[in-house]
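Just passing along the structure, written as structure tokens.
Order as written gives the chain letters A, B, C and D; numbering starts at 1 within each chain.
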């Protein structure tokens, strides 16, 4: 990325510096934008400041901008930080708030309503991709909201992702799509686990089988990434924490149950992930979901 | 494919001319081999004879060869035709029987034992791929059995598939792997169905979502093929019949249950597929499994 | 019930006059107590007033008493009516609020905290039994809260139930127990449905099978009541509405999920009940849950 | 039981002396009948001979009688012993074979056909009840077959059970009903386990909850018996072995799957029971199925 023409330098506020958020904010700094950051704990803020970001003491200070990005851990954090009139009001009237974390469909609707009632603009832009893709600016961004709004946000989104897919006019739609992706992701892992357990029981080794799968019918990033982790039973460090996978499957079940849509696979995923968290595996990579099926190592 | 040097022309017997078998046998004829065929019903035999194959009146006649391929519909058919001493005995002592259909692990073991006790050679070589790949000789072949035996069969297998993966020394292992693949295939369809139902309920259309899936994290032949069928709800003609998918999931459950391996996803697939067969959808493509989740069209 | 000695006449406030609530309030009036009632819609209030109750215009008016009973439809109604400081504050400091409807464990905790912080006494006393038992004062009452508080409430509870079971010191425990009962109830119906479908498929008629079940190993009120409904496929009028059964199974799943307890049967019940509600059967008796398994009539 | 009038003394052959069979055969001896017994292993035979039975060396010897009872462990044993022309042919032409063990619907059909083709009479008469009821002659007998045949067998069945329920004209129907009962039994245990886990998580103890259940809505022998075992986590000695429960649930799934009937509860039971067998709990009482839900003791 080349240094920006000063005319193209944007003022961007960034709330939430977890693994993903830190990598994303760093890309914005690296692209030459003026980035003001806030995070509940101090260390990630210091790291970003060292790269050239500006520290804010409160979320409200960060919000005073034309481009506000939130990448908060979960519904609880997002609700506490964002559902505060002071934060929303401080956003520039011609600004746009891009909510990029994986939150519930219900909260997305509440946030949309809260912004609308205060005359502010809200966009959902959750992302696909693990921290390595965040770091290289190669995320896939699922954007939902008014089309002109997405267009306005595009220069910022372009620093973060390889491609932006518009998925609908209502922000909550992007969150529904993101949750659907994560259920598919976890389903792929569980299916690999069950299938591998079946062949293990007949003397075929995990590595050979995974190599066969991912070289033939099950190509593509999901099977390649998670298949490799599963084949080596390498669950640390976590690219996508199992506990976050559980959170997302629960959100998907809530969003589907409310609509009388049934997801029997997701029921199973919820129970298996919850068991894993219960026995202390919440910080492992989501790939560890397959352990339940695999049982003792082969 | 170039005409064979007469010295390389092989005598091949072929039992079972369903959609897949017919396409495979035709490739052997086209490659210049002398192919003798048998099928329970007459029409497919006539079609192959028209292409240059020789008609046999009984399976036993076909078996009198060095290369015997069986591609029978299911365990019942395979059991009736193959577990007959006369058929096995007729096979040349230095010949090899390649069992290429998707049969149970239990039957694979019985067939292995039956051949061994009569001093004959048995190889499991089930295939991955739908009829179009069979027709173009681009199947993936999962071969299991003694390595020298696989080597002996290779010239024949090369006419049928793009690649032959050795998966183990015992024939039944290839059948276990094949069943594991089919459970993964059906799992992918069910997961797409559930995920699509979730986004449908939030106003995102099936086609857009499938396009998004298959353009991003879920690339590869399975999602491309079945995603397209599902997006268009195009279930005829069936490339892989739903009723055969049910058969395979049942075989996987038998093979796993016998080994105390649990496949909760497969339980669900079995029930959904069985419901679909029950309501008359057995002849549709396996992609129709997603209909249960999708409900009324969007 | 004999007329009360005037000294034993109590002042009781009653919030929520659904089918169950109306029958319960009528018992209190019949027992000679002074009962003040409120309900969102007017008709049930008029019916109770005709029997001798006093009409209140707001929940707050009702709350001004020593014995307050709430029997509101669901969490939403209970939350709106009860989580209002004005209502709780109005309760006599030496009074007791008996929350008798099936609400969530989470709301029970919130209500307990709200009462405690205002120095008021809260008791959970959900009931087992359908409207006929409510009408005859033969409910089973599951009471949780401080033991002296249960003792204080006992004279009132005695007009409503045949027996009061103390289940713990924290009100939420009674709600957890009640939800557990309802999951067992729905599980019994689903199990009967599946078992009946199995024997139906082998030519054994539903009525004969249910008679056999309930005359031998599966005696007791649940199988007798729901078995009879299922045998006759008589789902109207609903003694316990299927939609309320769905509500309770959802609450049980929430309460279990929060505690990392897994209830695979409850997952299935939720999906089947939700399907039934979706196709318009929410107002049928919970027994109609078995229809899914039974399919077409025999 | 009073001694029989010699004219009423019957000749009875008995195959299979497991826990249940031994108790049943002893009742026949005690009632004054001439009982000839066979069992694969010798000890139980010696015990019966000590009580007055006659020892036979082969099943064929036992079969030479007017009343033949088989109570063999499972399909495998029943198939080996009974599907032998010699055994069936030896039965008196006006005799009757009462098959009293829990075998598959498919085997019941095979046995029916085998008897019919040799002009012999076959009755299915599986039983409800654990060893204590077998010992006291208080089993419930589910009889299926031609009505006159059931009448002919009645004097013998009266020594074994308190009541004989006719369930249909085809023997296999009694086996379907018996399997349906066992699925209901296991479902009741699983439901108790899940419900107990839910209340445990909220601080309600297992014993209190089970006492409440079995004193109120869930009365009757199943909940009383298994509830008590579960409350005390007392799984030895096994009245009904968990491994046999797994066998029966598998048979129920086979019988239902063949008829396109779905039993989602039974799927779950199969997996949980299979896990329990896998970790070495097959010899515990079926009540131990609840352990999966209960997790660590409370």
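Throughout what follows, a contact is a pair of C-beta atoms (placed from the backbone, for glycine too) under 8 Å apart; a residue touches a chain by one contact, two chains touch by 3 or more.
Source: prediction; values computed, not measured.
Following the contact convention of this document, no chain is adjacent to both chain C and chain D. Chain centres here are means of the Cα atoms, and by that rule the chain farthest away from chain C is B. Centres computed as Cα averages put chain A at a distance of 39 Å from chain B. Centre-to-centre separation between chain A and chain D, using Cα means, comes to 55 Å. Multi-chain contact residues of chain A (touching two or more other chains): 260, 262, 264, 268. By the contact rule set out at the top, the touching chain pairs are A-B, A-C, B-D, C-D. Every residue of chain C that touches chain D in the complex is listed here, in rising order: 105, 128, 140, 142, 165, 167-168, 170, 172-173, 176-177, 179-181, 183-185, 187-188, 190-192, 194-204, 208-209, 212-213, 216-223, 252, 255-256, 259, 261-266, 268, 293.
Those residues of chain C lying in contact with chain A across their complex are 250, 257, 260, 262, 264, 267-268, 270-271, 274-275, 277-278.
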